[in-house]
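A, B and C label the chains in the order they appear, each numbered from 1.
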């Protein structure tokens, strides 16, 4: 068997399947969704021909039942909640994950590998299953409340399920490994003699931390924040299972439009909005990475 | 390290306990899940005794068997397709060469990693509706193949980037043709990367929920979809049983992947 | 060794593709959760050799959305009467010609050629029942004689209320409570509905259409939306002795679910066989004994669980109105969708 000699032909043939598959089944669907978001919705599902920006207008201004256009904050609230919960998840992961990443880098190689393995396992296990586990923990007869009740410490349920707090807990839990790993990766390269040098120069522990460790860990922290933010802001499972269906986030709002409300253009418009948020986050990361590159020359 | 011994930032005050707490937080939910799968009571959180009955029941359940079979087959087919496509692409993009469109191609392949899953899910649904592909096994397999490609691609490319090409050159010097060089030199060297990529694709596919939820149709219920249906309906230890099995599958695969890539990094160093 | 592996994998894949879900001798059945008895499917398989694969959904809205998004390949589904009309209008159903089936003779004359399928072209009866709300008599003090307790909850129901996730049935209950017409298109009515549901929301713990029997029995909620058969099961089979299905004076919502064959079904003949099979009295009794709803086959009575005969859940008291959901116009549908999406924010 002979392979094509010309490197350009070879490149073309090697990349063609990937281009085709992702182009047809990923890029084209995105285009179609974009087009759908400018069409009219069919009340029974699907779209009707005709160009309209109603789906986008609806996000901010809605026709009320007197057929007047009025400012309507409902969807802004959902957007706000999504961003807020995603930021809480980012912050929670950072607080919880940073010391752990730091601790891991300070271990000997073998222990490091072991700990990293333990951090990655949950990431690769089923998200639905892991979120379900939290129902067992937070619910009224779950593993937290049951002992408290039988010891007589509490009488009534703590009502932890179906709250924003439950959703945030689920989000932090879901994406924690995504924070620890990049921070570890950047701290791993840290030369701890720098820290000792800082201390020799009579920097306090806090100063050494602030002046030496944080700047070095910054690329990892930024990467971790983005990695946690992106899936959190479009989360569907955590708000659905832990939020009781009344704390919608962008992900659940989109799902609702396709799964039962049958308003495809509106669902498409929200999906485009979500995509825009994600792109902004990614561009921000790219820009700060580029700036660092320039700074370090 | 004499007088400064008191200063060991590496042991940030409480970092050890913090890390311990972290791992408890990470694993406690899974332990709870597994423990309660052995509960004999129908009310899952009402522990009345150890029993394997729910395992027997779940394994005998026709619908669960069918869902498991679907999951397995979808993951297998999607993995084979994704790995093939990713290997071809990696062979071009993983070499130290530069050509117009290289960055674009790499970007395109990572696209499924960047776009939020729910957006991919509804976009794919609309696409199938427009093109007229019926929702069912085929649509699920197509969707899975797409988002498995980057997961297969990354380890294969990493392997290629870490490989030096002396052996390949030696092979060419010995008048092996390109195909022979590829078949007997490059491919065997690449195998650990391909296996690693296959493991990741397989796990990602078998765990996928949101995209499958949107594009599944008649007869393509997978295990995660089945679990979701059960959770919404009210929870019994049977949900824990299937969840435990899914956890076990993921852990076995990720451990295999871990061992594979570790051996790989040992051999390349 | 490697060749063997490849051969094994490819033959497995091939047999998978061939056996697939669409092969003859299999029937893809899409039904509500907890609505299909296993023994019915087993019996059908024993008699005909056709294996039934079951997928489930949680509401008429979900079924319609799934069928509209091109999820063809289902051989059977079970919409309620109003959604059946929409599906016929939207061309989503295959003709089944139920009137010519041998077991059609068992159908109660009152339910032959119903308004939603006047020539019995598309549908055969499955089950019928009512939608109302339930309370836990030991945890809640009211006597649940009015929908006011459900829509404007007070006392122990506050924060402990479960409501269906999709609007259709709750909306009809709201029409009853507010004294509105079904399918109203008046803007004042929509405003009143919106106000009603938004007033109810702070008291709601969860919006969900599945798992209601479990939540009411284990006390996660003390008041909840519910279907009569589900609640009969909660009281009798799941040990929720204090679960009471309410008959508010404003009325309950009635529904009639039917088997239909969605467009694009792969196994129409098998689906028709199943429809005919279910109309046989002893088979219909299997369904009713499992799901605990009434049916349209009077001759099934001797085979029924005797408890069903005088179950309060299945007997609407005299003087309590029953309102059947109707298929409404576009304006109504859009308004309801708007109210509901905003509600769930």
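Basically, contacts are C-beta pairs under 8 Å (C-beta built on N, C-alpha and C of every residue); 3 or more make two chains touch, one makes a residue touch a chain.
Given the structure is predicted, the values throughout are model-derived calculations rather than measurements.
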item	value
Chain contact topology (line, ring, star, complete or other)	complete
Between the pairs A-C and A-B, the one where more C-beta pairs touch	A-B
Centre-of-Cα separation between chain C and chain A, whole angstrom	36
Whole-Å separation of chain centres (CA-atom averages), chain A against chain B	18
For chain A, residues that touch 2 or more chains besides their own	46, 139, 141, 257-259
Where chain B touches two or more other chains, by residue	43, 125, 129, 235
Overlap residues in chain C, where contacts from two or more other chains coincide	66, 69, 208, 218
In the complex with chain A, residue positions of chain B that touch it	4, 7, 9-12, 14-16, 18-19, 22-23, 25-30, 32-33, 36, 43-46, 84-86, 88-89, 91-93, 99, 101, 105, 108-109, 111-112, 114-127, 129-130, 142-143, 145-146, 149, 177-179, 182, 203, 207, 209-210, 214, 224, 227-228, 231, 235, 239-240, 243, 246-247, 250-251, 253-255, 258, 262
Interface residues, chain B side, partner chain C - complex	43, 63, 66, 69, 73, 76-77, 80, 125, 128-129, 132-137, 216-221, 229, 232-235
In the complex with chain B, residue positions of chain C that touch it	9, 12-13, 16, 20-22, 26, 28, 30, 33-34, 53-56, 58, 66, 69-75, 208, 210-211, 213-215, 218, 264, 266
Interface residues, chain A side, partner chain C - complex	42-46, 62, 65-67, 72, 74-75, 77-78, 139-141, 159, 162, 244-246, 248, 253, 256-263
Complex contact set, residues of chain C against chain A	59, 61-62, 64-69, 86, 90, 159, 165-166, 187-188, 190-191, 194, 201, 204-208, 218-220, 330, 333-335, 337-338, 340-342, 344-345
